[in-house]
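Can you keep this structure in mind? I'll have questions shortly.
Chain nomenclature is as follows: A, B, C, D and E, assigned in order of appearance, with residue numbering initiated at 1 for each chain independently.
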Amino acid sequence: MIVELISLILLWFGIYYIVSLSLNMEFGYAGIPNFGKALSVLVGAIAVGGILDRLLMLYFGVGGGLIEGSTYATSMINDVIASNPLVGIGILILSIILASILGFIVGAIFILPSAKLKEDYLGITLLAISEAVFLVCTYDLNIIGGYYGISTPDILAFVSGEYRGWVFTGIVLFIAFLVYLFFERLLNTPFGRILKAMRENEDTVKAFGRDIMKLRIKTMAIGSAIGAIAGALYSLYTVNIVANAFTRVEWTFFPFLMVLLGGKGNNKGVALGVLCYVIVKVLLDVYKYDLKYTLNIPFEPVWLSYILFGVLMLLILYYKPSGLIPEKPILTPPMKKKIMEISNNK
Amino acid sequence: MEILRTENIIKYFGEFRALNGVSISVNKGDVTLIIGPNGSGKSTLINVITGFLKADEGKVYFENKDITNKEPAELYHYGIVRTFQTPQPLKEMTVLENLLIGEINPGESPLKALFYKKWIPKEEEIVEKAFKILEFLKLSHLYDRKAGELSGGQMKLVEIGRALMTNPKMIVMDEPIAGVAPGLAHDIFNHVLELKEKGVTFLIIEHRLDIVLNYIDHLYVMFNGQIIAEGKGEEEIKKVLSDPKVVEIYIGE
Amino acid sequence: MILEGAIIYSNLLVLLALGLTLTYITTNVPNFAQGSYAIVGSYVALTMLKLFDISPYLSLPVLFVVGAVVGLVTYLALKPLIKRGASVEILMIATLAIDLILLGVIGAYSEILSAIVGSTQAKFVFANLDFSLFGFKGILFVSTFVIILLLIGLYLLLYKTKFGIALRASMENPSLAQTVGIDVEKTRLFSWILSGALAGIAGGLLPFMQEIVPATGGLIIISIFAASIVGGLRHISGALIGGYIIGVSESLITYYLASAFGTGFLVYGKVISLIIMIITLLVTPYGITGVDWKKVKKMLSTS
Amino acid sequence: MIKVKNLNAGYGKLQILFDVNAKIEKGKITTVVGPNGSGKSTFLKTLFGLTKIYSGEIIFKDKDIAKVPPHKKARMKIAYLPQTNNVFANLTVEENLKIAGYVLNKDKVKERIEIALNVFPELKDILKRKAGTLSGGQRQFLAMGMALVRDAEVLMLDEPTAQLSPKLAEVIFEKIIEMRDNFGLTILLVEQNAKRALEISDNGYMFVSGRVAFEGTAEELLNHEKFKEYSLGITAI
Amino acid sequence: TQKQEEENVIKVGLLVDLSGGLATYGNNEKHICEIAEEKINKYFEEKGIPYKVKLYVEDTKADPKVCLDKMQALHAMGINFFLGPMASGEVKNVKNFVNSNKLVIISPSSTAPPEAIGCAKPEDKKYIFRFVPTDNFQGNAIGDLAKELGLKNVIVIYRKDAWGDGLEKATVEKLKANGIKVIDEIPYDPNIGDWSPIIQTATNDISGKGNDTGIIFIGYEEVATLLAQIKDDSPLLNYKWVGCDGTANSKKVIEEVKDKAIKVGLYSTMFYSETDEAEKLKEEFKKRGYGEPDQYALNVYDAFWVGAISYAEMLNESGKYDADLLAKKIKENAIKYSEGQFGVKSVTGYIKLNEWNDRASGNYGIFAVTKDGWKLVGIWDSTTGKISWQ
């Protein structure tokens, strides 16, 4: 049981860490209130489901609608993967590439309203765009199968069932680690600094020659590309895509919670925030029944778990209103060197 | 030689005409001062020149290029840098970071940021420079303090320091020494003179005449959105300042 | 018929958006729990109906009070954070946590109520209880009346009384507000209470229009935000205008689109209202009430 | 009027003021000068209760008010004009003035606003404008006007003439003198326009690094070595 | 000892929507499972079967992602057998987790065809049972019912989700085959706030049509809200309405819009079994203050029984959890259970599963709203397609 719990926690840690890291760059660093984060995750799913699946259907010559067609096409590719793991890995890489390209493009377009809109107005507009796309994808069955959903290839068809979860968790953690390294490298630099400056005061940044719009576009393109990777991974994990699984609550609000819990503008803090969230959630999911029986409450433990979850989150916020690990200044190597010099001189 | 010229700038806020046909000319390497009663449109003029407000009519030329209503970011690349009357600190960032923003580093492009070699040299250079400026502004002991937690005068100093980080052709300063201790204010203007020697042009708004008059070459007086007097050189400036109209509206008895 | 529905729906959105705008104006917190506040009100109204046989219209005063208590409790929960100078985002996320708590409470309560009443109370409407007047539904009159009353009251309060100015002042700059002698604590408390009370009222009326389940709050919050924002977050009349834009586009415009392009469009009501909101915001970046009409007039007269 | 004893205060864990002792005499103008960041504003904020006090006493009318919350101090007829963010940007000029008289009754407010508008007639034309759209100087005299509306006994002003034209700055200084001489107000002034400020003051303090570096009459301070050092620059990059 | 006790407990997960749009159904399923839990435990005790069942309820909010999250958590607690989830999208989202971890689930209400939930071959669905026939059955029943009612033209109003969409398609197909003209197909958003666009559209469609026209409503209890919002003098109330198992026997309809429902009849199809077992269960359900159980609640009740019995047999035979054995047992026991071989009776009639493990049997009762509430007015025979009116 413990083993399964750990696997579960690690898997979700990995997936949410990828989403939260990208959100942290957009929101924690650049100050863009991206309440449409779920869109980038959905885009990842569209890359896998809407594009890759169609390619597979073409390749195998499966006709008919997307919903049934994808079932047959993926079933065929799964047979191939089962005997040739390389194909599975190839599909994983292909999915990630497709997702990040599509995410990159969508992110760059998605932020364009920010040319005119500020803060709350921008935040709600991003939310609205994301929600509109979500609803269209849910009701229109031709994009990714809507509420029926479509199948995606099982990249681990060669791994036997009981180990599949572990292997996939490993893959997710590995990719999350790469994403972490990427962001650390990308953001502990003048780029990260200028993003924070933009968050703090746009006028100053403008007066000193930076094009705010370009910076935002770059940020959101990268952020959405990474978010899309998480979406692709999730789709590959569940081996299918159901459009209404990409809700704003699960993929926007909770990641925001994780980022703020951990401490925005701090990639390590965010890791802690994600971990806290996932652990609390999983443990509550599991142990709430014991609570019910020990406390003898007259209603379903589900409700209790919602209440407790909310209370715990509030408590963490009380205890650490600027996150578990607060933001730290960006110190580039030359800054570190110079500061060392000064403190030695003292 | 003229570096900046405005022609008949008109600017409305709603129905209110804040600038009513302002034409000024600034010579390269001069320190030009604009004075005028509160609300006469000085800051508005500067905001139009630096692209933070769009002129309703009129033209702005910099080095004979038409820069009317260009974006602030673009003007920076023409060589114009400015400070704000109300300081605009990057509140959650350190004083040092606030200064470093003054110079553009190639590492601000996400692609180059990934390759340290592309930006470390520049970074070393600007860090060095930033500490020198902090030293001068008596802020070096506060380099790691958040800018939002500075005193009013210190914020003003950071604002100036950031402008000094760059090597622009022209620095536009909106009341740079309001709230700055008098001694340090003199120091700052002495530094202005140093930079002027190197050919930097200054366009400045300031009310503290007791301090700034010793350092300027050229004076404009604004009133109700118009230029009402101008003087170049010590003699003329004196004359303008003793003009009864100027005394009445601005200097007082 | 279609117009009537659209007006009622808009009215309810206005009511909900009013509360949201109010806490936003006065405490700067975008309250994600606003929807659930209303649902608390709905369940209380249901309780009054089931246990004491009191019509939901008559229980509005009670709902006002209950809503006020919910607002108060939320504020007390947020207070330590506000005191510690938490950022707007942190507060917003905290309201999300509160929303979750409310969902849990509502869900648990609905079960307990079901047990008492003897049938499942997880989902309900009041539409069948409504009266009708001149061939129109009662809710049309009641909601319109409540809105007019509240708008006038709020307008007078916020823009015409000293206390109203104090409310807005303490949001903008609490420490300066203290220097002029405003007890910032009290003003915040008041606006949360009032906002909760407004939501309570909205909660009593909402079931006349749509089905209520414990999660309804989370489902409607986007429409509430949309209404509040498209009208302009800084002014209470923004909620009025916004509520109508969102409400009317969700029903009326959707209906006309559907009759022009096929009934398939009918499911896209929310999408259409969101798109209209986005377009409106792109034209008027600070919401409708943020438009500088003098400037527009000048632009029109010069062109 | 106000007596400060061994005051230690700061922001959170960061101590700014160290063992400050001071006396603000009734009906007199006391001016505080000092380099940027020396703790002048912090001193005023501390008196008003906007910072964290670690130890020390603030005696006002024989009572220790160190722990009294700011909004109550406003009711004790202590007024404070902050250095920055001293108007409500989203309220109109009129609303700003009204709210300044929050603790007064309606008629009194009207009367005081009348007085303030007479001192700053420039405000009359812009009553309906949002304070956020004012020029720097206009904002400053709105803030001063708000201080006047308050009808206080003790007035603490943090750089009231910053950003004002020389003419208006002089008007302010004259008003300050008038308030002392005609209304008997106690005034605590922080100024970087130090020379002029000390010329009109009775007593002077100089702060350096959060400590009182000089205490005496204004005249003594004007002629003191330390003051010269502070007002004439010497360093360069 | 505790450990022993633990080993003798058969943990059963129930994945339902408790807080979202399907909350009443979720609650009904939950309550009926609680009744089943008691009865099964009593039955085990009487028969000397050394196990106890224990129910773990989770709220999925009808969100496929949440559904998978919860299933993962429950599985981590050692639960291998699940009742639910409710929607086809949810079933699809957990499908792979079920297969790779060898869990067994029985959904009481997912009706989409197997290919639509990602199963290319019966092998893919060997652990996924559905105790509800796919949409064709009920679609045929509704189509035939419309014909029997003498309808020549119909408007179909349907819920836009996997459940409503599937049933609508099947129904329309049958309607057309029966020579009935479908004037319009009007979808509605499951989270709909204002019904007036739907009402207005339907009114426009129907204006001037003869009384051989009808309205087919494919959705859940929101029909009560819809009817409540239709004005008393609306022309829509002059036509016959046909519902489905989502509306049949809805207590809300009786409580909230009985008069209007009587006026339009609201002929609704529902799984029919001759056993009086169902009646007894309904009685018990009502007695406990839960109201009227819906079709899906009855399905899950049977699913629980079959699952529990099979689980116990599996443990007896192999001593541990064995998915393949359990699946095999469920398939066999479904029939035995329907035939009453265990001494308890099915409440939903004969449960025959096809090669996809989906239910492939069943007659439909036709219920209508009368002055005395819901009444069985006819029975549709799945083999003949004929309706025998009562």
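Miscellaneous remarks
As a working rule, a residue touches a chain if its C-beta (ideal position, glycine included) is under 8 Å from a C-beta of that chain, and two chains touch if they have at least 3 such contacts.
Which chain is which protein? Per UniProt: A = Putative branched-chain amino acid transport permease protein LivM; B = Probable branched-chain amino acid transport ATP-binding protein LivG; C = Putative branched-chain amino acid transport permease protein LivH.
Remember, predicted model here, so these are calculated numbers, not experimental data.
Traced through touching neighbours, the fewest hops from chain B to chain D number 1.
Looking at chain C and chain E, the chains that touch each of them are A. Simply put, of C-D and A-B, more C-beta pairs touch at A-B. Relative to chain A, the most remote chain by averaged C-alpha coordinates is D. When chain centres are set by their Cα atoms, the one at the greatest distance from chain C is B.
Centre-to-centre, using mean CA coordinates, chain A is 30 Å away from chain C.
Chain centres here are Cα means. That of chain A falls 35 Å from that of chain E.
Once the centre of each chain is set as its mean CA position, chain B and chain C turn out to be 47 Å apart. Chain centres here are Cα averages; for chain A and chain D they lie 51 Å apart. Touching two or more other chains at once are residues 18, 59, 160, 187, 189 of chain E.
Contact of a single residue of chain A with at least two other chains is seen at positions 139, 300, 302. Taken pair by pair, the chains that touch are A-B, A-C, A-E, B-C, B-D, C-D, C-E.
Within the complex, the chain A residues that touch chain C are 27, 33, 113, 116-118, 120-121, 124-125, 127-129, 131-132, 135-136, 139, 248-249, 253, 256-257, 260-261, 264, 297-300, 302-311, 313-314, 317-318, 321-322. Per the touch definition, chain A reaches chain E in the complex via residues 1, 4-5, 7-8, 12, 67-68, 70-72, 74-75, 139, 141, 147-151, 154, 161-162, 164-165, 238-240, 242, 244-247, 250, 281-282, 285-286, 289, 300-302. Residues 11, 14, 34-37, 40-42, 83-84, 122, 133-138, 140-141, 158-159, 162-171, 192-195, 229-237 of chain D are the ones touching chain B in the complex.
Those residues of chain E that touch chain C in the complex are listed here as 18-21, 23-24, 26-28, 31, 59, 61, 160, 184-189, 191-201, 203-204, 221-222, 224-225, 228-229, 231-234, 251-252, 255-257, 289-291.
Looking at the complex, you find that chain E touches chain A at residues 18, 30, 56-59, 63-66, 68-70, 72-78, 87-90, 92-93, 95-97, 99-102, 112-113, 115-121, 124, 160-162, 165, 187, 189.
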